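Common to both upcoming complexes is subunit A, partnered first by subunit B, then by subunit C.
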Partner chain A sequence: MDAASLEGTARPSLSPRGLDARTFVRPAVIVALLAFVLFALPALLSLYYVDALTQVAIYAIVALGLGLLAGRVGLVSLGQAAVLALGAWVAARLLFATALPFPIVLLLAGLVTMALGTVVGLPALRLSGLYLALITLMLAGAITVVLATTNFPNGGHGFLGYNSNALHTPAMRRPTIASSDPAFFRYSVIVGALMFLLALVHVRTRPGRAWAAIRQSEAAARAAGINTTLYKLWAFALASFVTGVAGGLLAGSSRYLYSIDFPTQASITLLAVVLMGGIFSLWGAIVAALLLQLLPALLNSWGVSPDWLTILFGIGVLQVLTTAPAGLVDQVPKDLARVGRLLSGVARRRARTGESTP
Partner chain B sequence: MSTFRVASRARLSLALTGAIGVTVLAGFALSGTSSSAATTRGARAADATSYCGTKPGVAATGTPINLGTIDTKQAGTDFSDISSMAAAYFACVNANGGINGHPIKYDVQYDQTQPAQIAAAAKALIQTDKVVGIVGVTDILECTIDQAYWKSLGIFEIDSGIAPECWSTPNSAAVNMGPRYSSDGAVQYALEQHATKIVFDQSNVPGTGYIAAGPAAIAGAAHVPITQLTENVPVTDASSVALKEVDDAGPNGAVILNFTPPDALVILQAAQKLGIVNRVKLWGCSTPCNTDFLAKSLGPAWNHKLFVNAELTDPDGATGAEFALYRGILTKYGSAVSGGIGSFSQMGFVEAKFAVKALETIKGAYTIKSVNAAFEGIKNYKSAMLCSPWTYGNLALHIPNNVDYTTTTDNGIMVVAQGCHKISSADPQIAKYRTVAAAHGL
Partner chain C sequence: MIEVSDLTVRLGGVTALDSMSVNFVQGTCGLIGPNGAGKTTFFNVLSGFVRPVGGSVRAYGEDLLGMVHFRRARWGLRRSFQTEQAIEQLSVFDNVAMIHEHSRLSRASRRQEVLDAISFVGLEIDPQAKVATLGAAQRRLVEVARAVVGEPRLVLLDEPAAGLPDEETEHLSGVIKAIPGHTGALVILVDHDMSLVSACCGATAVLDFGTVIASGPTGEVLRDEKVMRAYLGTEEIV
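For the complex of A and B:
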């Protein structure tokens, strides 16, 4: 793929230019899709898959944050799973310690994680590429060690809120309107849609243009008067905020949190699926979440070990980076179109052959 | 700089990062892969399998009785041997008359220690697979996550427990004792050998305080000081861990470990390398250390120096009809039991055996209500693999296995050092269980 076509895919999915038919059709399709997901899917699927899709909705937000950093600004972070764990920890602490409404807990989890994530982003002001990836990976490792020592809150007292003597670990509460699994799935999808909207607003306005300029050339962006420090930190803050909100949703979805659920290597797997999904499109985040959460659920239900996914994702990343840098979200429609053209060509040839045969 | 060069550089950077990531991931995956060896026995053992059902040689053809389980299965933590052995037992029963002519269909759900996945697996078993009973669960988190769900449905699971709720809730009963009560047993043995101080060291996993409370109570009742330590796992500096334990215990003290075999082994080998094995009165360990693999790895230098609490009868050299059946089922139906003879397959065998015996008492339809009433009604079921009869009962908590052995290392194998011994009621949970059970006439 050449640079020009790469740029084409890097453009936001919803073009602000022109009021052609696509301007109206695409939002209509999105609304219809959202309505199907919200109302039809929970009715059609078993609770096993409803729970799996709840995880898809949550991890789509996490993938969105990482996709923003890697695809829009060109900052490769290998610490996003640790940022998710931070968000989940904050939400868990608030859910046990306070009676705050769930949306407020989500907001606070997002804001606290945003503050911490921005601090994490400070090295990004001087580093990029492999060095930034390495620094964020080491940070994720450090957070894993700290979480293994402190554990997640389980209704205990003190700052950490962890009671190691507990004979019964209490479940974390969910919002009253979303106490059942299908209702929490809908709740997660709606929160996810809001996070995608927030990201879209950023991508289509001044920050998005600044990020695109930074990704192309930081020196050129500075020469054009763009405050690169501000916009890089802004990207980290936004990615951390949405990831923190996802952490809050994860607390409500799982109802129990353990440090073993956030191993350091989870950040690497996350980056792998985000690359496979496609980092230049917001849709790529949804594909990434499907790969990360729905695929293991499917394999488990088929009796196949999800450990195979480690190998599959490795091959997938290699394939995507060498032949389809814009990810599956870009490649699959093109491949389908190619197959369609091929089939229609075959059909036309057959029709012609049929006409010429007496 | 051209756009093309920027894109190329970005792709190269991503490719390198991806390659490093994949390499690191592969490393994680490979480091967690455990080797296993299938065990086979002779045809004579296989003959014993005709005794697992009521109609030898007659395959069950009735409507199936659906049972299910949830097991942790991931790189480095694989408990699937337990459900595989239960499945082998059920296959044997199905080939020999089934349960009053009904075969058992066994649905196994695996999880990778994700709470949401475990909750979903429980719902899949009930709603999709239509199971009427839960048998053979061995999962790091399952008892915690699902106990409220099982209670709401009136399901009484038979499991090999790991999480605290496996022993402290009304709807779970385990055939094993788990980390707390097994550690109790190891500390108890050390106290009986007149250790003047206990150092109890365990892996830093959720529930360390719950586990530590048992040994602390037992040492406290004997007025012996106890030092509690925790280590992040995998243990990366075993020498300093071993040195710290020995220094804290002193010459008449005992070091008690509660780790999985790989971590316990590196600590014990580090002690040997440092030449400090004999600087304490004795070394002890909870049940996970009761493997010939550990004894073989340690070698004769550790003969009768490491004492391990063992929840189940050592199968090496054990004879009798039940062990013949166990080996026969393993040979004929247990090809999926990768670890062969050992504690895991024993647990699966005992759980399946008790479940089958309970199912055979049911008159009428096999529903959630009837099956779980039968499970809850299990009273004084005997197994040659357990020290004492096993009872479920309508109790607020269940610790039905509270009598067990102590084994020790002897030229590469584990041998019995002390026969069946009651876990001390100095542990308040053991005392509570015995009081509750006695109040119910159990």
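For the complex of A and C:
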């Protein structure tokens, strides 16, 4: 084949991207789902489950951040729960110290956490895999220790805003439009949806492509002209930003924060559920949050200790790592389709035997 | 024109390149040599992954070694890897577009130029197909499409035909031959397939133990006695 014929080969026919039916159906389904979650769920469920789902919405954002790092860039961080605590601390401090509108507090919590979380990501420039996991875990431990001594702000004075003599600590304020629990649930879902949109925009464009290249081979990424240092830090910055915003929501939802709520091992459990949910799809983050927050609420209401979940998650991670690396979000639809085929096969056979016997 | 002079690389105690000096003038040039001769090390120096202890590489008059590695793609350096490195998670289009978006070219013409590169290498598949679903030969072509997009000036191909069946190699050879004319880039081809090298390369240099032992028109170089000895060993040993 010579050059001329090569250049003249017919170009593969291209259906203009974005015009087939699927591209319209998908956003429509997502909007319908969002409407159902926003309007139907708070009306249908008791306050207990509305509160649990608020936690799901918040932790979905945290799982989103970790999923981006682990699934898109290949950086495993075991410090994300500590990053969440940082975001909550910053938000709590701002809520007590200022009269800033709640969305501004969320934004600032996100930005400050982004700056701090990027520092947590600095070791990732040199380390990866087990060593990065270990270093981020140690950093998380350090943050836990610092928080245990400084405590969360409770309306006191000074930089730390903690008053150890306070008999009555004031509750953290919520946005005026979302002061009730169902309203705050809706607020959290909307903020969460915005964070998912932010992540989607990243994944679908230049940074997403750069991350995919880095994840596969850093050498190949550099040869492709990608500044790997910049894009790795960018990933940590984005993950920390959304986690910081989630921390702000957490401050508003729980109203009282205690350092004991952020143990170091929470980061490990978080990674386990994120792996189980699926790290290669943004939906996996929602599955992860359901496992992490709704499952314990269900077990509690059934009178079963949620401590059993540690064992369940252990088995779940083992199962995912060995048989379904793309997580539940990939595996369950496939399994359902298989069950569906099986059932329709059984039904057909029964129908056939029904015809043959008079 | 790529001028390599006195390039020396030491990896631990091994001298991988030993005062390598050679000029690659234009078109598609071959770089051959026995295993361990330093061919891939040379590419890694050009890519900026390995820092030489001495010597210089001037590409079109510019000092290539003075550039930060990721800036070299923007300058116009492209390379393929021995184990192909098309990004599995991304579509064919995104694989090629990624190179274009880190080049000097404007965004406006990106879509068209990416599709042109895909059709130049003769990939007749849906550009939105994920690379993970492609076969070995198609992935190689995706890599070559990545190498020719965005006005490259120097294209390094590291054993692009390794493991390919004859028919695919023949197609690839046609594509490689066409790269200089299509893009204006200089191509350096490393391969063990001598028929591919003779078919594609006007000039060829031979590396042995990190030193260039012969260079010139491919036909003459392949008949050179020193080259035969490098590949087949000396009579005394036999």
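Quick note on the criterion: the second predicted complex is superposed on the first by the 339 of 358 C-alpha atoms of A that agree within 3 Å, B and C clash if a C-alpha of one lies under 4 Å from a C-alpha of the other, contacts with A are read in each partner's own complex, and residues count from 1 in each chain.
Everything below uses one rule, namely that a residue touches a chain if its C-beta (ideal position, glycine included) is under 8 Å from a C-beta of that chain, and two chains touch if they have at least 3 such contacts.
Since the model is a prediction, treat every value here as computed from it, not as a measurement.
In the superposed model, A:77 makes contact with neither subunit B nor subunit C. When both complexes are overlaid on chain A, the residue A:188 reaches neither subunit B nor subunit C. When the two complexes are overlaid on their common chain A, residue A:314 makes contact with subunit B while staying clear of subunit C.
Shared-chain residue A:222: touches subunit C; no touch with subunit B.
Among subunit B and subunit C, the chain that touches a larger number of residues in subunit A is B. In the superposition on chain A, A:255 makes contact with subunit B only, while subunit C stays out of contact range. When the shared chain is aligned, no partner comes close enough to touch A:118: not subunit B, not subunit C. By the document's definition of touching, neither partner reaches A:243: not subunit B, not subunit C.
When the two complexes are overlaid on their common chain A, residue A:209 makes contact with subunit C while staying clear of subunit B. When both complexes are overlaid on chain A, the residue A:163 reaches subunit B alone and has no touch with subunit C. The interface of subunit A with subunit B overlaps its interface with subunit C at residues 2-3, 6-7, 215-217, 219-220. Interface residues of subunit A facing subunit C in the complex, by the touch rule stated above, are 1-3, 6-7, 9-12, 14, 17, 206, 209-210, 212-213, 215-217, 219-220, 222-228, 280.
On the subunit C side of its complex with subunit A, the touching residues are 47-49, 69-74, 77-79, 81, 85, 87-90, 94, 97-99, 101-103, 115, 118-128, 146, 170-171, 174-175, 177-178, 181-182.
In the complex of the two chains, the subunit B residues touching subunit A come out as 1-4, 6-7, 10-11, 13-22, 24-26, 28-29, 73-75, 108-117, 119-121, 123-124, 127-128, 140-141, 144-145, 148, 164-165, 168-169, 204-210, 212-213, 232, 429. By the touch criterion given at the top, residues 2-4, 6-7, 46-48, 51-52, 54-55, 70, 74, 76, 78, 128-130, 133, 145, 148-149, 151, 154, 163-169, 171, 181, 215-217, 219-220, 250, 253-261, 263, 265, 268-269, 271-272, 275, 296-297, 300-301, 303, 305-307, 310-311, 313-314, 317-318, 321-322, 325 of subunit A touch subunit B in their complex.
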